[in-house]
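Have a look at this one before I ask anything.
By letter and in written order, the chains are A, B, C and D; residue numbering begins at 1 in each of them.
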């Protein structure tokens, strides 16, 4: 079958004919690829920059792809819920089998670091015509959101981060006087798909959301901000517009982007670190440390997501598609064929929010 | 009566004869001072360095002192639990009355910042012969720990921080395979009274504790470390001794002290920021941010404590006095008279862990 | 204006012309009634059976109605979010102002019992042409669910109960091996609107749901069960079909309905008590108590809901309307005029799931 | 060696010479028995009343005993903390190895029920001269409480129950206005060792405690109640003395003992079920169900304890021994030799709180 293949740590990507023999075992299904999304991690691997990427055992190549939508083609014995024709999104990370979090289905909190991740490290990904997987790693997609369900995986990580936030903030009373979060303010640094998902989710929870970038909004960004009732702020020109805040979400990974904003943080506020990048640095002072202490501030890194987060993500996709119409479908800024994939994997198309490869 | 008086923002401290008229109202008691402890905040005020310190309304001076032990002398109407002769420790912070946390007795999480603090800002402290206070701000001291109960206030803040930690870490499974914390490692940066309390508490919870300073242990520090089963590490010479860690507690406030240690942080680990200082700076890189993200690391500032934390602190004092003998009493490195207080308030005696003023 | 009026503790209900002078104050809006739902509580008041129902101060009558949908007609000064034309659902209970839960917007956990409830006790309800209310008690309705939003209030109470359940079950690991709830089973006792909402919500969370009644399913019940993938069980004939369960939700209030089911409860399972009724009794044995102890079983009564629960309820209505089509609109089994209201308030129409009064 | 042997389901108990070959493996230690306590479960087995009791595989007898204190005699390879001479208390329950709670060291929440319990079901107990156990099931005893540490096991179950309570009550604000629990009232039904432990723990947390029995206090009960500041109430004569309550703890298992008290339960209150008994019954009404619903009442069964709970239990023993002097040692109402054990196992000595067998 056709697959999109990389050979980390080498640069490069190609569409190749591969032979992967996978039989459908007990509790497993065969899935035909429908769409796969492209993200920064894929491009990092393609460009030979992600040192942690490696092929599965016994292979000298890695099939790329971890943002996927597929359709069930064949159902093995012992499968409980899935039927032929069901649309599914596979979970990316598979646990180490040893640590307590992996033992209870929370490999997103794997403690050993010995997990594998489809299309990233140690396991073939989903950019291929078909694959076999265990039912327990597959999330069923409700029909109403099949067209945008390829966005589920990146969004699931946002759901995990916000669930984590809401849990840790129960250390005190963080809700407003009317029990809602409508008195709360959030800054979201970065306007890619992840930033957009954070903005959507925080608005739905009732937060007053400021979307931050160091440039003007593009027309699509402007459209989305208006549609969901958020405020786009060009931090180069308008940072005086920013009020004190209860939450900063950084999706950039750039310390010099979020550190200056921290002086706006209120008592009991939180900073979610979600973005990663290379080669940046910034200075912090003991005054900033004092602020974090005196204000009971929490900073939380968050990565990956559990299957439960995928399920919640799909619920939000249903709400937003219904409520905001084309906001989500507009996030898919281009849909390319398998043959065109290497080109868009090597370099980001202009104006991209999310580029998607169509398989069937 | 005699009181230890400051006039922030001016430098200086003196023992003065003051007249504070306080009648014992409903729900109140009159307290005679027994001991008061001295900490860095007191010295910061005395040396004119804490810009946030100010006298109570209608006063041009502030009575210092927030670490106190007193004895009930007179009991007002409507007092429920306290009797004449009871020993008590007063809570320092009094809430803003407006935010939701202050409304439920958690002024340690005050959101407005409009709280007052006895001996620090807007309210006379406890370095005076006697004072009147509401029963609800007074924590009864069990008889077995009266001699060391002056340590309750500083320690209460440590209890709050660790309670906060244990709560936020329920975001995943953080206990060991046998449900204890005995597989967990902690670094405690700083060896003052706060660092010592963190070390004691974490040992009692089962953590393997490394006490860190950039010098050799003093004989008292060595004694305490051995008694409680912790390891003292001189980070200048022996940092290669340090294993990967699940927790770093910084009591120094110096970013260059704790940032280099963060490379030792394990998945799901936490950094508690507790120390504050002025004029320090350090660099952070996007690689550190990536580590925080990829490992689900949490960083938590913590300040102050609730009355419930004071009560738990007293329970731990009982345990430790019984279990470790003189470890706690040795922390009181000198006991001075009221007349000697200004001198030890201006500058720290050599070898001090905690200096205490004796009132009665 | 026209209003539906009761005079508890007397029986009876009538449409009357009433004069209620309400000016739109700061932070308030005037609302025109669109729909009001009828529930068992309303009929209890109308039939003189609810001893706790009483008119507002200075009135000798009570305007009925607590399940409402309205449209904003006039917006007062200081209103932040609502605009003319917005659809809203009002919160029913208003706090005592004294206990800590009421102070933080959780009057659904009022500790004193001195709350008032619109249309039930001490406050006029929403079965009238228009009313004035504070913005903070109004929940904005997304456009896509205006037609079914009259269901929000009863459903909000279900959302609170399930949120409570998910919180208390964090006392241990209750999720499945894949982090979802798909290995969990729930029995829902009762097939009225509340039972249907529990079934929908538990299915959405992944539970295998058994809907229980002591008779066959009606055609609508059959339709709903099939649509959402739940199993209807006639407990008179088919109780042997029931597997061991992780959750029982009782919406009947009848002890003899849920107690016999408790022998099916698994370790760590929960029983939610939600229904209330009069005049029933049943026997329990020490063997049942032993089961509760040995299996760490939890039983939780749940009443009312916070504004946050109303907001989540509206999100679920969006999901379900989109996902299940007419399941929710079919729950509104009849829509009557104001003039017809007294009749349907006195006695339940045959085949009713929810009867709604149309105002505008 | 000598051991106390039963042959369930047969009645009877005897001191026998048994040969149990146990080598000290990796991570294991050999323990010499110091004391073992006797509880109702032991007597239930001895009297042939506990149907769930059975011998280990390949044995036709069961060595009794689950409340134990031992001293380490021999230390195997790979043991990390324990040394020869250390005093230890073994954990009773050993997990099923399959369910998620057992996998993370919380076999007290075992979901399958396929656990084994030393001295009760499927595993030899500790009423023998020596035994070998894994370090991970052994809790180290601080020196200051060796004399009363045989009480650790029964008390650990109380610690688990109260930890569970404090967790589930975070569903709302349950602390008092000053953050403590001093405004809270608890009834403890039953005055055996378990009831006494609940009373001690709840007093230490700040609750106003009423100890309930349907007779006068014995002199020891009177002494304990006075010492800890609790009120003993004879429910036959003085139940009008009882105020509304925030918590009822039942240690009797008798429904007719705790159900009538439930009318005293306040909003948001809790009932902990801890006691088990046979052959009792009582009636409940739909009015009681309504109270549970309308007041958000929670009822929680609790059984067994985790190793962490044992560790906390030992901390409390230290506090109380120091604070209350002989209250705990008085709970050990008689200390018998191994030879006398069968007699006190067959029937309860008069005035018993806790009977202990001395081994060495």
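Here is the rule we go by: contacts are C-beta pairs under 8 Å (C-beta built on N, C-alpha and C of every residue); 3 or more make two chains touch, one makes a residue touch a chain.
Quick caveat: nothing in here was measured; it's all calculated off a predicted structure.
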Ordered by label, the neighbours common to subunit A and subunit D are B, C
On a CA-centroid basis, which chain has its centre farthest from subunit C's?
B
Decide which interface, B-C or A-C, involves more C-beta pairs in contact, and give its chain pair.
A-C
Taking each chain's centre as the mean position of its Cα atoms, how many Å separate subunit A from subunit B?
41
Mean-CA-position distance for subunit C and subunit A (Å):
36
Round to the nearest whole Å and give the separation of the Cα centres of subunit B and subunit C.
47
Considering subunit D alone, which of its residues make contact with at least two other chains?
100, 104-106, 170, 173, 175, 177
Residues on subunit B engaged by subunit C in the complex (per definition of touch):
100, 103-105, 170, 173
Complex contacts: residues of subunit C adjacent to subunit A
81, 104-106, 136-137, 142-144, 173, 175-182, 204, 206, 306-309, 311, 315, 318-319, 321-323
Spell out the part of subunit A that touches subunit B in their complex, as residue ranges.
100-101, 104, 106, 108-113, 164, 167-168, 170-173, 175, 177, 250, 253-255, 266-268, 273-287, 289-303
